[in-house]
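After this come two complexes, each holding subunit A, first together with subunit B and then together with subunit C.
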Partner chain A sequence: MEYDENGVSIVPAELKKDIFEEARKDFRYEEYVRGCLNCGVCTGGCPPHRFFDFSPRIVLQKMKSKDPELIWTMMDEYVWACFQCFTCAMICPFLNSPGGVIAILREIAVRRGFESAKKVLKPYSRVLLKLTAYGNQLSPDMIQPDFFPDWGPHIGYASTDLAVKRKAIPMPTLQVTNLAWDVAPETMKELYDIFDEAGVFKIIESVDPSLYEIIQDIVDDVRSS
Partner chain B sequence: MAIEISNRLGLANVKSDFIHTAGRKLEDIHERLLELEAKGEVKVIHVKEENKAIEAETLLGWKKKIPTNKLWHHKSCGQCGNIPGYPVSLLWFMNQMGLEYVDERNQTSCTAWNYHGSGTSNPVGLAAVAVRNWHRAYELGLFPLFHCATTFGDYKEMRNLLVENKELRDEVRRIMHKIGRELVIPEYIVHYSEWVHVMRFEIAKLKKYDLSSVIATVHPACHTYKMIPEDCIYDKDIYAGKRTAVSTGVMLALGAQVADYSTWYDCCGFGFRHILTEREASRSFVMDRKIRPMVREANSDVCITQDTGCTTTLDKNQWIGKAMGYTEQVPVMSDVMFAALACGADVFKIVQLQWHTTDWRPLCEKIGIDWKKSEEEYNAYLEELKAGGKTVNLYEYPKS
Partner chain C sequence: MSENILVIGGGPAGLNAAVMLSELGVNVALVERDSFLGGNPKKFKYKFLFPDMQPADNVIGELIKKTESAGNIKVYYSSEVSDFKENGKKFDAVIKSASGSETKTFDSVIVATGFEHFDPARDAKYSYQLFDDVIDIKDLERMMGENNFVRPSNGKPPKKVAFILCVGSRDRHVGNQYCSRVCCTVSVKQAIEMREHFPDCEAYIFYMDIRTYGFFEDLYWKAMEEHDVQIVKGRIAEITSGPDNTVVCKGEDTLLRGPFEIPFDMVVLASGMEGGPQSPEISNKLGIELDEHGFLKPENVTLSPFKSNKPGVFLAGACTGPKAISDSITEGAAAAMNAYTYAVKNR
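Up next, the complex of A and B:
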């Protein structure tokens, strides 16, 4: 994002207003943003508040301000600091859900292909691929020392004889190495139809076009099988 | 009844007749779901007699039926590749108890990883995936049981959104018709830890070891009890009804000591994206806010979890802590895995602790489990499989 000499982001006011309206028109908004007493209970219990410049109280206050500029200041790094643990929602005396507001703002950031969203999601390419193309996520062959060196030497356990170790698991669905469980192709096809109809593939395309192409190749192969 | 405290270590088995309302006055979504069913708007997966349900009380004192039989296992996409002993231990218990279930290939992830896929999905997509999986259980005549806390939280949220929003129902119904399915919603969204909780006394009957010297600390999962909290199990005999009862309940039933610690309410540090992209935050959270308090304040022998991400984060991040002078270590496993160990399940073939990073062997030795014998037998089993031997499975698949 670019800033002027006063530290204000150089973005057309119309875009900021659009984003503000998009968030407020979301059908979940009224459920997530109710009255706020500014009591700060949410921030007091917020786990990421201990480590990041992030406060659910500020999220609520900015949303209630009706100032598009204030919402815009949260759209880059700020919204990605949240843990999405929903501690705030559980303890808010007014039943607000700052975590829910963050979910809406993240969806907007991804849907509009913001650079900050692309940067945050880049390390998740493999996860997005497994999830979108196979209906699955963390596969056994993803857990390798070069990806998780800080998890210690034992992480290499999955590197040797993985196929036979997986075969020894007494659940037939789990006896594969490239998926968390063996998903049937017909099941994947249903998922693709859902993603087509709900616009999920389009979202992936806006945030990572090259990943989208890889996913579509797999989708085409499975659909034609 | 006066408050009764008998656990010197903390609040776990404090009893009270206080009803925890937390100031919440919420509409019971269950009633509204049944109204929609009566109008023909949705179909409902009801808890039937054959599901052998056990009733539990939730945060607001509402009744929740937990089906214990004829279940459809909705596996966790972060768990199966990483902590295989988690689902295996659960199915092992169901076999021990002669209960019926189906685990199959016809299931997708809930796709809510990192919660709502870190913005890579939308409510229509998430709700349609939920209904697709619910419908699969429905067509088999089974009740769905969700293994993952994020799935549990997401599916509770999707159920509520579907009940409250006609536009969302219409859109999901349209998509379901396109894939040959119908709009169905389970009467209750049930997490596996709730099954473990209501079955805790049956589980305790299978106990093989004396656990009275084991000190456990429980880490409750955020997406289990912080999301839609009015739908989570509370028990006036556990934490005096002030905290969710699941996981702690089974540990107490098994006769272990459950110790309190000051950061019980904190998350694990997974962060739902930070574990990959802000790893230092996850690591620091694990050691400073969880493992160190568990060990220093409670002298914990084992950290008990109830979700995929927490188990992974708390287990895997202890090793690197040593580089920064964090010497505290505690083995991490889910409630159902610990219960399986206590009931004589094989350490390697069933509980599959060999995939875990933090050393669990001292815990086994304290309990009296011969893990070395189990390891020898497992290694011999692997050699048999390498030579073309067949796996001894928990169930036949596919069923003829």
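Up next, the complex of A and C:
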């Protein structure tokens, strides 16, 4: 990507048009984008709208404008402000889905390895690694204060003596802290096949090449076992 | 020998059709499902009518009086057409009422079965029936009609009232994509009425579009200019309960203030009009078509909006779609003319 003298990226009009076309061609587009009379029900019911400059009504209006410039303005930080709760789709009188439009745009951002996508997905690299290595999404040893600031002031205490706390759980556990449950190698192989088919590995490669390398090693090991 | 014409439904359209036919010397059988005449305006005690705020009784009361005093209109109260058959160009109908069943032959038929108010409880986001202070357009009309305009929760006069438009209309979620045509004007009328009688009470109207078509626009301007009604663009996303026994309207003011949560003492939902269960029923019984919105379908919406697809069966009033009372009365007369012509031709 090119940058101007102020370090702001210069985005060719062609790229913006491509992105718009890619969104328009998405098989979900017709279902998600219908009529809109700016009634504001979607934004009125939108939880993130209370915290960020984010409005599902604007998302839908920009999409309906068919103006690649306007759609481009959402591709950086804007699309990541959505909680994907789909309250907007639940209440829109036209049955539009602004949340669905966001999903389409996010997928484009991820597929194309946009900086905003990389930044947002960075905290998930630990989860992706855990998932590909063990078939677990979250395990006790991932509970660390740096990664869960939203857990409040007790996260420090919660992250200590994990092995002991694990033993105190009054139900059968694996009694380890790096796993929540055991996943059979056959299941892992099936998971990788799904990831291959769905393009998940490709996405990881585009947003985090170094993570991709580590994951590929694990995948090769499991597949050859 | 006089013609015999059956009129089904004793609301504004059916009453006017019956009165017109009676003046032409026709013997009219007027079948009414309720125990009284006047249809929804009477049932829900509409008090003043837009656009000129004349008492509803001037209109509905007048039509009822004319109907009752006409010697050639037989009114069947609490009754229904239980069986209906074509008989050549004429029709054999069984009229079932408390006093038994009566079979009669009619030269033509006018269907004026009207509409039902949308039940706002069907759209959960408005919390109708959950909070006492959330009422709808017909509830307010009845309160005004009974001179009992107070908050249902505590019996005290409200200080701040919201009117929410398009409830049950223009919304694919509830299955009604159409505009109910009159609710904007009725709500503006109600807001003016409220401001006139209770000047201490603030009025807000939340809208997606205000459709006070034609001369009804006068009311809309008057509401703003003379009655200080706050008109805010934004449909309400949710109604929740608030502090101090208030109901909170949550939405987006798409033109000015952005997201808002405003507490009100009372919320009035402008619930729209539906074909009601009577439309498919009568469509089945008489073998006439129903449209995709649940109303009866005219043969040609522009050329002959008062004709059904079946020769000899005519349509009038809100049974063919949302309509103002004046339109229903006009259609009653138009259907009467058509039913009479058909009857005379096939005598």
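To be clear about the criterion, the second predicted complex is superposed on the first by the 179 of 225 C-alpha atoms of A that agree within 3 Å, B and C clash if a C-alpha of one lies under 4 Å from a C-alpha of the other, contacts with A are read in each partner's own complex, and residues count from 1 in each chain.
Here is the rule we use: a residue touches a chain if its C-beta (ideal position, glycine included) is under 8 Å from a C-beta of that chain, and two chains touch if they have at least 3 such contacts.
In this text the structure is predicted, and so the values were computed from the model without any measurement.
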* To do: Using the superposition on chain A described above, determine whether A:P209 touches subunit B (first), subunit C (second), both, or neither.
  => neither
* Asked: More residues of subunit A are touched by which partner: subunit B or subunit C?
  -> B
* **subunit B versus subunit C as contact partner of A:T43, first or second or both or neither** => second
* To do: Examine A:I194 and indicate which partner it touches, taking first as subunit B and second as subunit C; both and neither are also allowed.
  => first
* Just subunit B (first), just subunit C (second), both, or neither: which does A:A89 touch? -> first
* To do: State whether A:R57 touches subunit B only (first), subunit C only (second), both chains, or neither.
  => second
* Taking the superposition as given, does A:V120 touch the first partner, subunit B, the second, subunit C, both, or neither? -> first
* Report, in rising order, the residues of subunit A that make contact with subunit B in one complex and with subunit C in the other. => 45, 50, 93, 95
* Asked: Quick one: in the complex, what on subunit C touches subunit A?
  -> 125, 166, 170-173, 208-209, 233-238, 250-254, 259-260
* Note which residues of subunit B are touching subunit A in the complex, please. => 23-24, 26, 75-82, 84, 87-88, 91, 103-109, 111, 113-125, 128-129, 132, 153, 161, 164-165, 167-168, 174-175, 178-179, 181, 222-223, 225-227, 229, 265-267, 269-274, 276-277, 279, 281, 283-285, 289, 316-317, 319-320, 349-350, 352, 354-355, 357, 378, 381-382, 385-386, 391-395, 397
* To do: Name, in rising order, each residue of subunit A that touches subunit B in their complex.
  => 27-28, 31, 45, 47-48, 50-52, 80, 83-87, 89-90, 93, 95, 103, 106-111, 117, 120-121, 123-124, 127-128, 131, 135-140, 142-143, 148, 150-152, 154-155, 157-158, 161, 164-175, 179-184, 186-188, 190-191, 193-195, 197-200, 203-204, 207
* Structure fact -> subunit A contacts subunit C in the complex at 37-46, 49-50, 55, 57, 91, 93-95
